[in-house]
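Here you go, one structure.
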């Protein structure tokens, strides 16, 4: 199931640089693990802020909570999650693309490794 | 440039079924054109509502406005757009995946047809 | 997966009584079907309004959307859904109750027919 | 009377681990007492946050306040309570289930120990 | 149990005067019944609007809903209810007043001089 | 003139217990004075929070401000005030009650049984 | 007692011009009466809207409600009222001005032509 | 040009009394200067809070900003400004008053000493 | 003085095309007049909506109101205005540019025709 | 592409003056660089606050984020960005001005000195 997850990082501005860098590295490491598992699908920045918008693939809300609370900066994160329902057009578009043997730019999400 | 576009369809509940179906077919047709152009990348439904969340790829806000105002149901749509900035982790993840020759599930968006 | 679903019924106040009654009966019929399927678990009223709060059990957001959009009054409903994650205390409480052979009042949700 | 109670835990992120653990254990202990009394009926987590959604059974608002203010982390909790009115469908569903001798999955709440 | 109930009357401005008057008389009649039952305790106007703030005494949220939905203008009312918990000071004040045989002004709004 | 006054107590959670108790006692003392003057008419708790809802009788906004700013915890209070206009039904109800010599339950909140 | 009163005029845009003009003339007439009574002290426009901000002098909220509900366009007005408490600086400024025999520009409200 | 300026004073509650008094005296001094210049026309208190509502006369937004940022407590003030447009009724009322030689209570703002 | 003006056009979706076109042409005509007067400086579209953001140069709020209320679609516009204060950096930048004889891209607003 | 960027500076009020001045100078220096690059086009102050409204020219959201996060006070800034779409009237106005050889005050942004 797909989720849109929005975060704001409230790590105090006066956090020592070393600690900030340690957390950033740990955060990146954990994110790479989640990407490898196919859980973290895409990550964007909200321009002008420490916020992010991300797309996650998780079985359900309990799985999603376990994933998010495993992030090193979780104690300082303000998080809101939004469940996404599949739109019938997606199935229709994928079928069309398959029929035309063409590559549907929107496949991205369910792009099976060739 | 990537955009997160949220819509709520305010087409009155008492719109005649035939007109509603005409608009739905026209909307689907236009959406397929935008997919073929690589402009509409992904479309989800907000569960329990006539709302949608979509990912668009448009040069800038003017291009995005022209695209959205070309949708047949535009006069009844309440739309909010959110610009998305690329997160440095994406580049990092893509590089890692390329190095490992593995398929990065998150490539979806910059997935070039093989 | 469990969902908290909140609705406000915007059926116009001047809707003819017969039509209102037809919709109410159809709504109740559909609700009974959903209860039998174990999808609609509990339904409350928001005191003083036409709103309801309900607990649903659905596989994911797509299943939930299909269920909600099957309700006869869906075109007039304002709906907001909230995904619920299992709290570790629930598992702990169920285990304690089983150990004491006592009946845990809170089992309600995962109460298997004896 | 049933209440939907929403909490956000504002315990500062830099609270010493030992104190955090002490409070967590005390909180769990108190919760078990409230379950045994049939006051705390069900507890969920809001995915991605330290928030919870819970269902309480309390005589009135005064009883509910006494219960909530007895929680060890109460001084750091942001709480909102929502009174729930019984929906006539619940009575109807229970009657149907009794008539068919079948188990109504939605009984959960008024499930008498067998 | 005491409730603070806030209403906004959305009866369309172009409702015929006769119908408006019929509803007003029916509303006043019903209110008098509720006062006689000790359910409606006090009613104020929100200055400058068709809104009211009222104090109700009802067993629980279900009783309160039945009372509010019995009001003739209920289909056009926007209602929000707020449960009120007894403050320990009230008991303390009543005890002091009894002990001093004096009359505690806070007992009644239009407390008749003994 | 009657006022509905809502407060949230933002006294920091880590305030020493002795200071908290001193303030509580001073607050109660001041409240009793205001009750004796007929200024503080009724006080409730917002269930689950340190908030209160109260009914005050003050000549005007200036008098109300002087009263509220005289409360010992005023520096930590978030206050919102709502002016209440007399509803014509109240006069009507009082007249009816007087005519019937009966006791109008709405006269006092804790109307002592005759 | 002074009040800041904010209004938004929701008279439908397609109201016949003659009716709109009738209401405007009636509104102005009523306003002049209220000025003569010293009730309406000052009236401004919210730039770019049909809204107004006004300063009223009324005994209490009940008097204010009677005044506002006497305005011809009241059925289409969205009104919010804000009670204003006298600031101690005003008294101080008036005293200073009197002592210096000078004209205190801020006297505006109670300015008697010298 | 007239402005409605709303402030909330966020000076921390635990600010030493001496510093608080120094700031209060400096604030009053500056306010008196602004009154003498005809810039600060009227000042009210928001009942129950440290907030104020004031009427300023400033050439434009830049002049207003310079004035507000010159207030000693400016670093702790949360300020919102609202531009006010002259209402045609004011001119009409002033003309009427002049014609009748009577005193228009509402002249306050543009009252030129005769 | 500079103003940021935000509008949302609430012209009903079912307005006849001819009337919509008449209003659009009248609106454009009026806008050109305002540009020639140096009042309308810049106009943008809010992407995905019928809203606009514009920069106006008007003496004060009264002048701004007269300008906005002269727009043909004013009766259907929801407008919010924001006064802008000159930032000291602008003067600094203009001085620097003049000293270097270079063209300061940001001069745009106070660009006098050479 | 043009962006409207709104900032609120949350630098704590008790920041040492020297540090505040260092940041202010660094901020001005960076702003001048961005002006020279044609990225920062115009900067205003929100009257009465430490907030600013600015107009930026950036390729896309990623470029805009890099620019904003390069500002020395970025860690203390609350930022919201708004993408602006070109309005067809602008092109129309520019064409008219060119045809009449006159100077269109609104050219501001793309004003090449004649």
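Order of writing sets the labels: A, B, C, D, E, F, G, H, I and J. Residues in every chain begin at 1.
Here is the rule we go by: a contact is a pair of C-beta atoms (placed from the backbone, for glycine too) under 8 Å apart; a residue touches a chain by one contact, two chains touch by 3 or more.
Composition by chain, UniProt nomenclature: A, B, C, D, E, F, G, H, I, J = Muconolactone delta-isomerase.
Computed from a predicted structure; not experimentally measured.
Steps from subunit C (Muconolactone delta-isomerase) to subunit F (Muconolactone delta-isomerase), taking the shortest chain of touch contacts, total 2.
For B-I, the matching interface among the pairs F-G, A-J or A-C, defined by over half of the contact pairs being the same residue numbers, is A-J. Remark: subunit A (Muconolactone delta-isomerase) and subunit H (Muconolactone delta-isomerase) have CA centroids separated by 50 Å (rounded to whole angstrom). Put simply, the C-alpha centre of subunit A (Muconolactone delta-isomerase) and that of subunit G (Muconolactone delta-isomerase) have 54 angstrom between them. Here the spacing of subunit B (Muconolactone delta-isomerase) and subunit D (Muconolactone delta-isomerase), counted between their Cα centres, is 39 Å. Residue numbers of subunit E (Muconolactone delta-isomerase) whose C-beta contacts span two or more other chains: 2, 45, 47, 61-62, 64-65, 81, 83-86. Pairs of chains meeting the touch criterion: A-B, A-C, A-D, A-J, B-C, B-I, B-J, C-D, C-E, D-E, D-F, E-F, E-G, F-G, F-H, G-H, G-I, H-I, H-J, I-J. Taken in their complex, subunit G (Muconolactone delta-isomerase) has these residues touching subunit E (Muconolactone delta-isomerase): 5, 61-62, 64-65, 68-69, 75-81.
Across the interface of their complex, subunit B (Muconolactone delta-isomerase) is touched by residues 2, 4, 28, 31-32, 35, 38, 40-47, 52-53, 57, 82-87, 89-90, 92-93, 96, 102-109, 111, 113-114 of subunit A (Muconolactone delta-isomerase). Within the complex formed with subunit D (Muconolactone delta-isomerase), the subunit F (Muconolactone delta-isomerase) residues making contact are 13, 45, 47-49. In the complex of the two chains, the subunit A (Muconolactone delta-isomerase) residues touching subunit C (Muconolactone delta-isomerase) come out as 1-2, 60-62, 64-65, 81, 83-86.
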